[in-house]
Structures are given as structure tokens and as C-alpha cells.
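The structure that follows is given in the form of C-alpha cells.
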């Protein structure tokens, strides 16, 4: 069937969670019961405020949890500001799912190492949920996550939840100077915390996402631990508009981040021109 | 132009100039901008009446500014642009040397802002006859006829922004059209948005445009957009006096207050 | 392919017949500025014939400069009525394309339809018949023979006409072309021999894509890009005139209650094209942007779709205020 990929679904904002300054999570439900929206972890969508435009974020929930999806975004431009002004029961537009997902089925039986910081956690949360919802299929699960300050940490309740799980190793940190008086976890940049708690690369997959500086500093540490470049996954962000590989905004060399990604192995990223 | 080539080579050789912007002939026998850095390349330089591009637009380009000592082969309209830019304090990081050819066909080398000002004032260009003819025709039309004329013309605009790109006075690092909070001007090339863009541009250039006519000449859609700014300029001269690109001191009417300014528009 | 002939005097009859039958005919028209543009015509008398190339391509017919994606309107149930208007596209004939332009449509077809088919392009392309005119003259900006085409190329055309002294060869390439011919088949006679070489222009060949496909592999790091882009000041003229440039922006125009979402032409040469809302711009200099344009046309399109996405029409060279020369640049970065 020829579907028109520019026509959005209509989704209702079912819940709003203020995660951090300027950062919100929206829980979205489809208004059309026949929508039958399915997706895989790592895919993204175009979220639109009619009259303002669309903005691109990953789908931050997991396909293992049905009936709704979640997105987490920071208010920074025209569309995200308009989105931030929405209220519960408002209708927004959603196009998707777009992009290549994480190949989670190929990771069964392996240890999974998540490395991220700040607003980089939402794209990985869909994978974390997906893994934790099928926990018995995977080996060790380690999460290295930090933010500039305690207030900037997103998904604070879930972090508590992960910290208390015996089958998850959570290394939580804030940048030096970002701790509060009652902060009990690590203080230091994420790469420093990884150095202090080196993950084993044996039968392991690493997934790194977040600020470019974090990715840049984490890669040598992973290499030192023996992670081959094709065992490290990341999700690239670039300016996107159409989501389907036509408008040209997201290209890096011959690659369209929207349709050939946004999930890439580090080996694939190294082969691209460094224009992202 | 042997004399020009020799002089250009000399300036590059002795380090007066690190980068020379001039004209050369392309495969299609068109006269196009060229950028040379060594004396050996100077033999490609050409300069005559057919050299219409206003090369002063390149003085805003980072790759050009990095060279600091710039030589510019210029017709008098281009020199007038440079004078206007100097009066707007846009070229402070550059050391400029100008090469031009006067009415008698002689090579003239201008080495300072003062020499530039003197030359421009002595050779000040007037409105081109074909442009004045068109302006007179438009001004003789009724408002409805003029509106219909521009509506027809501006419906062809594709919003390529070539007019803005070639204009030496359009040097804002973030143009009004690039602001989306709020979206002052629609990005799509629909007639109403095209009107918004071109009238906004004419307003921003009022009292600054030096009438090189490049914007209209190069418009891929063949729209004579230079007439809009030419008309604005004539009105500015009538209302406020002064001429654009005349003096190093400038005194751009839209941001200069004089006690004698008429305030009869305040009612 | 079916080969026919039509007399020169019957060409006007044929085109006027198409108009009478209610088809939209888009053809080259000479405007007051002296430039020729593709415009809908009301009679053959309006069609320009003595020119080398139009200022803009004919891609607007299938990829308009502003295209409404849908309208939206708040309804009483609290949601929105969202409607596209793809059913309103008329039967269109593009008359008097050049073979390079038809090759451009061939590329557009591959780009928009091969993967993630674009519903809007498809709706328009399906209703469009392309009638191409071979070139009997060219200028120094033409370089189709360097990019896998030539002045009598049938690639992408539904019908290719080649003018001889008092008649035209008519090469009917597709079913769409056949249907058009049959709208007035009495005007055409069949023939067996095609001998059009003598009537075709002879543009200079500067390189072959076979050599470029190899050499361009290392061109990204060439030091020549800076000189190749010095004259560029970051407008969109080349991209908008180009028959194969397809980049676009999506904008909402209206309020939160009602309005429309449109897509409009965009250009990778414009400075904000890749800028993130954080302010980070992956292609921050004009050198990087011009390199992207040329690498996309001569390398990335070849890798992704198997065809070079430059057709050698020369429009970019002609409309560029500095006449930046794409084939000279390709030669210098692949030296």
C-alpha cells in the first residue's frame, strides 16, 4: 500500500513529567484506535505542534510496553518551546517510526554496557527498558550515566529503581561541583567513572550516546577494554526534517542519518566524513 | 590589460597584498571573479566595462578576511560600496589596496581610505539611464498598476536569496529571514512571503544601497529587484539629503538623529 | 521504441490539439527579462524555440517550489481534520525539455520512488508526459557528454523529437508517449531509419564518468576545494535552477487551529542548512558546503542510486552570480 509518510498520526498527551530544568517527558496515546503503531528500540519519530512545525526525538519508551509511547525532550528551539507549552489532553502530531533500530536480537546472551550523559539517556532508555523487560535473555547489564548537576539528571525515579535492582550495575555521577549536600553517588565526569569501573569487553556490547564530548572521551576507554569498533553502537543526531531520507538535511557523506541510522556501529561512524 | 597585470603581480610579489580579487575570463568567455595569491597568476586578470560583479561582497567572507591584506580590482560602483562599508565600520580588520581604470583608460592605484574617498567623489556614478527610465515608468503608474506589476514579478521569485548573497550591504550574520522565533518572513516562495522578503530587504537597505544593480542583474528569475532599493534610495536622498557611498563619515540616515530632522510624521 | 515522423508545420497542430483536449501543457516561454522559463501555455504560438537552455529546470511540474502537504483544521471532536489534496493534479505534458532535463527526470524518478516512495512526487509524475527536444546547438556551459548523456539522449523521455529541415524524428519511448501520439495519430507517419547525428549539437567533453568515478573516491581531502568555492557566497540559485536538486524544508503556515503544512525548496549551499538548534553546524564553512554539493552529485548519488545526479545542463554555471563552474571544479579536485 502506498502510505503517505508526511501525514501525521494524532496523539493525545496523556501525562507530563518534568524531568529536569527545560526537560519534559510526554506520555502519548494514539487517538485513532486503528493506528496500530509498532516500533523497535532506537527508532525515532517527528513530533509536531500544528502551526509551529515538527521536531525529531527518539521514542524513549520500549515496544515491550504497549498502549502508549513516551518522548523526552529539552526545550531549545521554536518547536520544542511550543511543545513545552502543551498541556495534558492536547493533541499533537506524530510521524514515524523512522530509522534503523538497535539490533537487540543479536545481543541475546551478551553483556550490555550503556554509557550516556545528560539528555543522552532518553535515546538509550528505550533499549534499557527493552533489555530489562526481557532480562533473562541478556548477561550483565551496566549503566554509566551522569549529568552536569543533580537537577539535570533525567528519569530520577527510574534511576532509583535501577540502583536498587540486583541485576543491574548502575554507576551514577554528577560533574564536579554539581553535587548537592545529600548526594550519595559518584562525583566526576562520566569517562572518569568508567575508568574507575572498567567494563569487560568479553562477550559484550557497548552502547554510547549523548553529548559529542562524552562520546569522544569514552571511545578510547572502550578501546582500552578491548571493545572492537563493530561492538560499539551509537545513535547519531543530526538536523532532520522529513525522517524518510528525502529532504537532505541529515546527510553525512552518502548516509542519511534518518533512514540509514540513527543507529550506527562506531566502525560505520569512523568511515563517514566527520560532518555531523 | 597588461598594466593591470603587471601592477597586480608587483603588489603580490612585494607583499602589499596577500590575496587579489579581480576578474578573469572563463571557458564561456564570461568575465568572472577570480582570487589569486601569487604574482605568477596575475596574467589571467582582465578588466573592462563588462566586469559588472561587485567584488566588495567578498570582503565579508572568512576565507578572504583571513588574508588581511587584500587587493581589489574594482569599478567605481564597487569602490563606492567599499566606501559605504568603511563608513559602517565593517572592514576594520583589512588592509585594502584598490586597482581601477579611470575614464581615460588609465590604471589608478588607491592605497588608502582617503584616496578611495577622493576618487569616488571625483567619479561619482549616477543612476543608469535604463534604470531611471524604468523608475519613471513605475512612478507614473497608479498604485494599483504598480502593485500588479510587482505582484506579477515577485510571483516568479524562488527565494534563492542570490540578491542578498551578492549585496555587499547584506552582511548580517543572522538574517531576518533566518529567524524562526518568531518566523518574521515565511521561507516558502509564495507571492505574499516574497513581498515580505523583498520589502523587508528594501527597508534594511534604505540609505545604504549604493545602486550597483547587481541584485537585479543576477536574479535567476529575471526580477528587477534593484529598482526597489533604487527607489528607496531616491526617496531617502529627497527626505534626508546625503548620498550613500559618498563619504567615510557616512551618517546613515536611519540611525542618525539630527536636531533639525523633520517630525511632521508624528501626528 | 517506435519511430515516427511529423512535419514541422504539424507540430503546432499537435500541441494545440493537446491543449484543446484539456491537458496542461508546460513549455518554454520567453519572458520580458530575456530569459526563458517553463510555463503553462495557452497556445503553441507562445512556445519559445530559439534558445539554448531555460533559466530554471522543469522539475517544478513534479516537485513544486512550494507544495502543500496537507491542510489541518480543528474539529468538534477535539482532534484535527488532516487532508492532502493529491487528487487535484491535472494531466500535464511538459513540452520542449532538453535531453539533459529528461535525464534529470529519470534521476528524480529514482530518487523519489526507489525507496520510501514519495506520494506527492508519484501523484504528479504519474500524470506527466515528457516530450523532449534534441539539441541542435549548445554553449560552453553545456557538458552533458561528460555525464553519461548526449544531445540526442532518450533517457527519461516519453517522446524524443529531433528537428531536421522540415520534419521531426519522433522516438516514442514509453506507453505514456504512445498514448499522447495516439491523441492525434493522423499527424504521424512511421519510418524505419533513424539518422539524427547530423542534427545534434556537439558539446565539448571534459571528462568521462568512468574516470571520475575512480578519481572522486579520494577527492574529499583535496586541497583544491577552497579555491573551488572562493567565489561562492552561499545562495541557493544553483540548487533551485538544477533539474536534480531535491532538498526541501517543511514549514507550517497557520495557527494551531487551522493552516497548512508545506514543503518548499531548500539548498545545501545555504548557511543554515545543517545547523542544529544547539547552534552546532556540521558544515560551517562555504568550502564544506560546496564540497558537499559536488560530492553528492558525483559520488554519493552514484553510491546510493547508481547514477550521477548531474546531467550537464549547465544551469548552475549560468545562474551563479560568479559563474562557478562545476565541471572545472570536479576536474581540479580529482587531479
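List of remarks:
Letters A, B and C mark the chains as written, and numbering starts fresh at 1 in each.
By definition in this document, contacts are C-beta pairs under 8 Å (C-beta built on N, C-alpha and C of every residue); 3 or more make two chains touch, one makes a residue touch a chain.
Source: prediction; values computed, not measured.
If you compare B-C with A-B, the chain pair joined by more contacting C-beta pairs is B-C. The chain with its C-alpha centre at the largest distance from the centre of chain B is A.
Distance between chain centres (mean CA atoms), chain A to chain C: 39 Å. Separation between the centroids of chain B and chain C, computed from CA atoms only, is 32 Å.
Here the spacing of chain A and chain B, counted between their Cα centres, is 48 Å.
Residue positions of chain B touching 2 or more other chains: 183. Residues of chain C in contact with two or more other chains: 249, 251.
Residues of chain A in contact with at least two other chains: 77.
For chain B in complex with chain A, the touching residues are 180-181, 183.
Listed in rising order, the residues of chain A touching chain B in the complex are 77-78, 81.
Interface residues of chain C, counted against chain B in their complex, comprise 31-35, 37, 55-56, 65-66, 139-141, 226-227, 230-231, 233-237, 239-241, 249, 251, 253, 262, 264-265, 267, 270, 272, 285-287, 317, 319, 321-323, 325, 328.
Contact residues of chain A toward chain C in the complex are 2-8, 10, 31, 48-54, 76-77, 80, 89, 91, 237-239, 241-242, 244-249, 251-254, 259, 273, 275-276. Residues of chain B that touch chain C in their complex: 26-30, 32-35, 53, 57-58, 61-64, 156, 158-162, 164-166, 178, 183, 186-190, 214, 218, 220-224.
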